[in-house]
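I've put the structures underneath this note.
You will see two complexes here that share chain A, one where it goes with chain B and one where it goes with chain C.
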Partner chain A sequence: MFNVEVNGPFVAFFVFAAIMIGGAVLMISLEKVVHMVVSMAAVFLGLAGMYVLLDAEFAAFVQVLIYAGAVSILMVFGIMMTKHNAAKEPVRPLHETLAAVGALSLFGLLFYAIRQTDIPETGAAGAGGAPGAVTDNTLAIGELLYTGYIVPFELLSVLLTVAFIGAISLAKKEAE
Partner chain B sequence: MLPSYLTLAAILFCIGLYGALAKRNAIIVLLSLELMLNAVNLNLIAFSKYGVVPSLTGQIFSVFTITVAAAEAAVAVAVLIALFRARGTVDVEHMNAMRR
Partner chain C sequence: MGAWLNESMTWGNAFVLFIWAVVFLLIVLGFVTYAIYYERKVIGWMQLRVGPNRVGPLGLLQTVADILKLLIKEDTIPRKADRLLFILAPALAFVPAFAVLAVIPYTEKLYFADLNVGLLYYVALSGITTLGMVLGGWASNNKYALLGGMRSAAQMISYEVPLVISVVGVVLLSGSLNLRTIVAAQGDWFWQWNFLPQIIGFVVFYIAAVSELNRTPFDLPEAESELVAGYHVEYSGFRFAFFMLAEYVYVYAIAALTTVLFLGGWHPPAPFLDFVPGLVWFLLKFVAVVFSFFWIRATFPRVRIDQLMGLGWKVLLPVALLNVFLTALYLELFVK
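Let's turn to the complex of A and B:
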């Protein structure tokens, strides 16, 4: 893991990783809610760059459209519709310490598992017949979506429709 | 490269977990949930390139996950707005009507 040669994708990986971790840490530590959403948008854009590095161009564009566009704007609207008074809430040191210990121990566990796992070196650069590595990624995903995954795709459309109708009827003003 | 991506996703997931557990503003809790979902997506796409059997299935799954996450965000913001209208707060500490 630590003795790879320094090349273009490696440098890009570290730049995107720095953007994402910096954005996430800022999201946790900033004071104002709108600043938190903007730093989250930086994380989403960094993830899109990471997807391009991983030969997933379609997922990268979907990430930019849905997350950096729609979800960020939705959160900004949610902030706008609710009130955020600047009054200092009482801090909860025990609660926050427990949460930090839990998150850190989970990370330790995951990191140990990742380092212990013996991952075979295959598949890089489209070896082993990755269909999307050399050909058109979006075309391959579209073909797969409309052949092998047609039933989940249709179910997901129904889910989206139900979710948006439900969101409208939930947020609509109650009739007096 | 795969362990680097997995470690990065683990870092993002743990930051999101801390935010979801420790923050009091419900909008920030939602954002932390999105961060955790994004970490999972990164894992899926990393495995779809560097996994033992590279295939597009990971990317298809990540697109499905993004769709479900978008639906979740829409419904959650709607619930928050309705809750704010009823209770006048978005503090998760005050959302304990079912506990009392």
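Let's turn to the complex of A and C:
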């Protein structure tokens, strides 16, 4: 079971995993909201590192751009305008037990689903698993998005535009 | 150079890469030192002053003396500041600034990381610096610093959008996000470089770049007449130096990126001039872009915050989108 080869990607996997889990635990346990956002940004960065390990550079840097960059800044920006005093949450044992049960069963479900899914080795990407043998993933993603998945893609754009306009109109109503 | 990165990672190779990174960091620090000197001299001449001329011959050691002063200054942390974030913020601002330089190709042979999403890597990492500035402003627990940090966040987010969209035209023309491929796709004559076919994109990119650099006329995050110094008002000593360093490293990065994306990188302006090494052409274009930043700083007044936001969202963004549309139309009608 433990006959894994200790090589670069293996070490990197554990470093990124440590960053992600550490960030996630800190996110829950820290008290100041801004600190939580920073630890969440660490999780996002760790996740981007995981994508790089999986040869998905495009997803990795979009992850950094959107989540670690834009979303974190937006959250910090929003939090700065509110009061930022550290507040102790009241301890609620029943609530916490239920949350733990929910989280564990979600994990079980996902783990089971991932183990059951037969992921096919498609395309030329990562031929033989050799590092550096990656073809242009970005091109492949783009071609798929604009041919096979064009309808969902356009629907998503419409959805985002609707959300965008909705946010503006809500903000305008409050300003008046 | 880039070949080193594709070899298997042994301790020897790791050591070589580390040494290269250190050498490169020293080069960048040297650039920053003399960019500041050059900026002060150029602005001095433009304003009919002499500029620094006391320390060393022609004032050449002025910046060195300034840096030395910064490094031996007392390192103060305000008592009511958020200590952890206050210490973290300068590093968070500087590390991405240095990291983005990894994907810039200087000549056909001289480049560091040959990343197939190089352009995306650049814009993604440069966003983290904004996070560092905002956190620095917040952690200082100072009204002016907070205002500076907020402005910086608002400005960087508003201008990052047109900046990214303006380069989509270049990506469409060269069919790649790899910066080396983008340079290689630009032709031998100077009118085949992207800045003419992509003139709209180039103008939008240039304005947004000046704004991303927080330089005049868009230096609202540190407008000294309204905000004392902006987000780094509570910083002193080497932490302050880190913020300033990050800003000047971004001058380097954006100037290099402009050269690579729009000015043909290492290509000479005409094919018969190719006896001059590519690195020289790269450096000439690079220095010209850096000079233009200083020129703009010396000659433009600062814009107001509402004008800034209006320009970003109402002018640059639609124009950048129009540019993408026109480029796509051109490719569809004439190239395919």
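What we mean here is this: the second predicted complex is superposed on the first by the 124 of 176 C-alpha atoms of A that agree within 3 Å, B and C clash if a C-alpha of one lies under 4 Å from a C-alpha of the other, contacts with A are read in each partner's own complex, and residues count from 1 in each chain.
Just so it is clear, a contact is a pair of C-beta atoms (placed from the backbone, for glycine too) under 8 Å apart; a residue touches a chain by one contact, two chains touch by 3 or more.
Since we're looking at a predicted model, the values are computed, not measured.
K.L.:
Chain A residues in contact: does chain B have more, or chain C?
P.N.:
Partner touching more chain A residues in the overlay: B.
K.L.:
Between chain B (first) and chain C (second), which does A:41 come into contact with in this model arrangement: first, second, both, or neither?
P.N.:
So A:41 only meets chain C here.
K.L.:
Does chain B (first) or chain C (second) touch A:69, or do both, or does neither?
P.N.:
A:69: touches chain C, not chain B.
K.L.:
Per the contact definition in the header, classify A:111: touching chain B only (first), chain C only (second), both, or neither.
P.N.:
In the superposition, A:111 contacts chain B only.
K.L.:
If we overlay the two complexes on their shared chain A, which of chain B and chain C does A:58 touch? Say first, second, both or neither.
P.N.:
both
K.L.:
Regarding the shared-chain residue A:31, is it in contact with chain B (first), chain C (second), both, or neither?
P.N.:
neither
K.L.:
Examine A:78 and indicate which partner it touches, taking first as chain B and second as chain C; both and neither are also allowed.
P.N.:
In the superposed model, A:78 contacts chain B only, not chain C.
K.L.:
Quick one: classify A:167 as touching chain B (first), chain C (second), both or neither.
P.N.:
first
K.L.:
Just checking: does A:8 make contact with chain B only, chain C only, both, or neither of them? Give me first, second, both or neither.
P.N.:
Once the two structures are laid over each other on A, A:8 reaches chain C alone.
K.L.:
If I apply the document's touch criterion, which positions on chain A are contacted by chain B in one structure and by chain C in the other?
P.N.:
58, 62, 70, 74, 77, 132, 137
K.L.:
Which positions of chain A touch chain C when the two form their complex?
P.N.:
8, 32, 34-35, 38, 41, 57-58, 61-62, 64-65, 68-70, 72-74, 76-77, 80, 132, 134, 136-138
K.L.:
Of all residues in chain C, which touch chain A in the complex?
P.N.:
It is residues 6, 9, 82, 84-85, 88, 115-117, 120-121, 123-125, 127-128, 130-131, 134-135, 138-139, 146, 149-150, 153-154, 156-157, 160, 176-177 of chain C that touch chain A.
K.L.:
Spell out the residues on chain B that touch chain A in their complex, using ranges where they run on.
P.N.:
1-8, 10-19, 21-25, 27-28, 30-32, 34-35, 38, 41-42, 45-46, 48-57, 59-60, 62-64, 66-75, 77-82, 84-85, 88, 90-91
K.L.:
Sort out for me which residues of chain A touch chain B in the complex.
P.N.:
1, 4, 9, 13, 17, 20-21, 24-25, 27-28, 33, 36-37, 40, 43-44, 47, 50-51, 54-56, 58-59, 62-63, 66-67, 70-71, 74-75, 77-79, 81-84, 89, 95-96, 98-100, 102-104, 106-107, 110-111, 114-115, 119-120, 122-124, 126-133, 137, 140-141, 144-145, 149, 152, 156, 159-160, 163-164, 166-168, 170-171, 173-174
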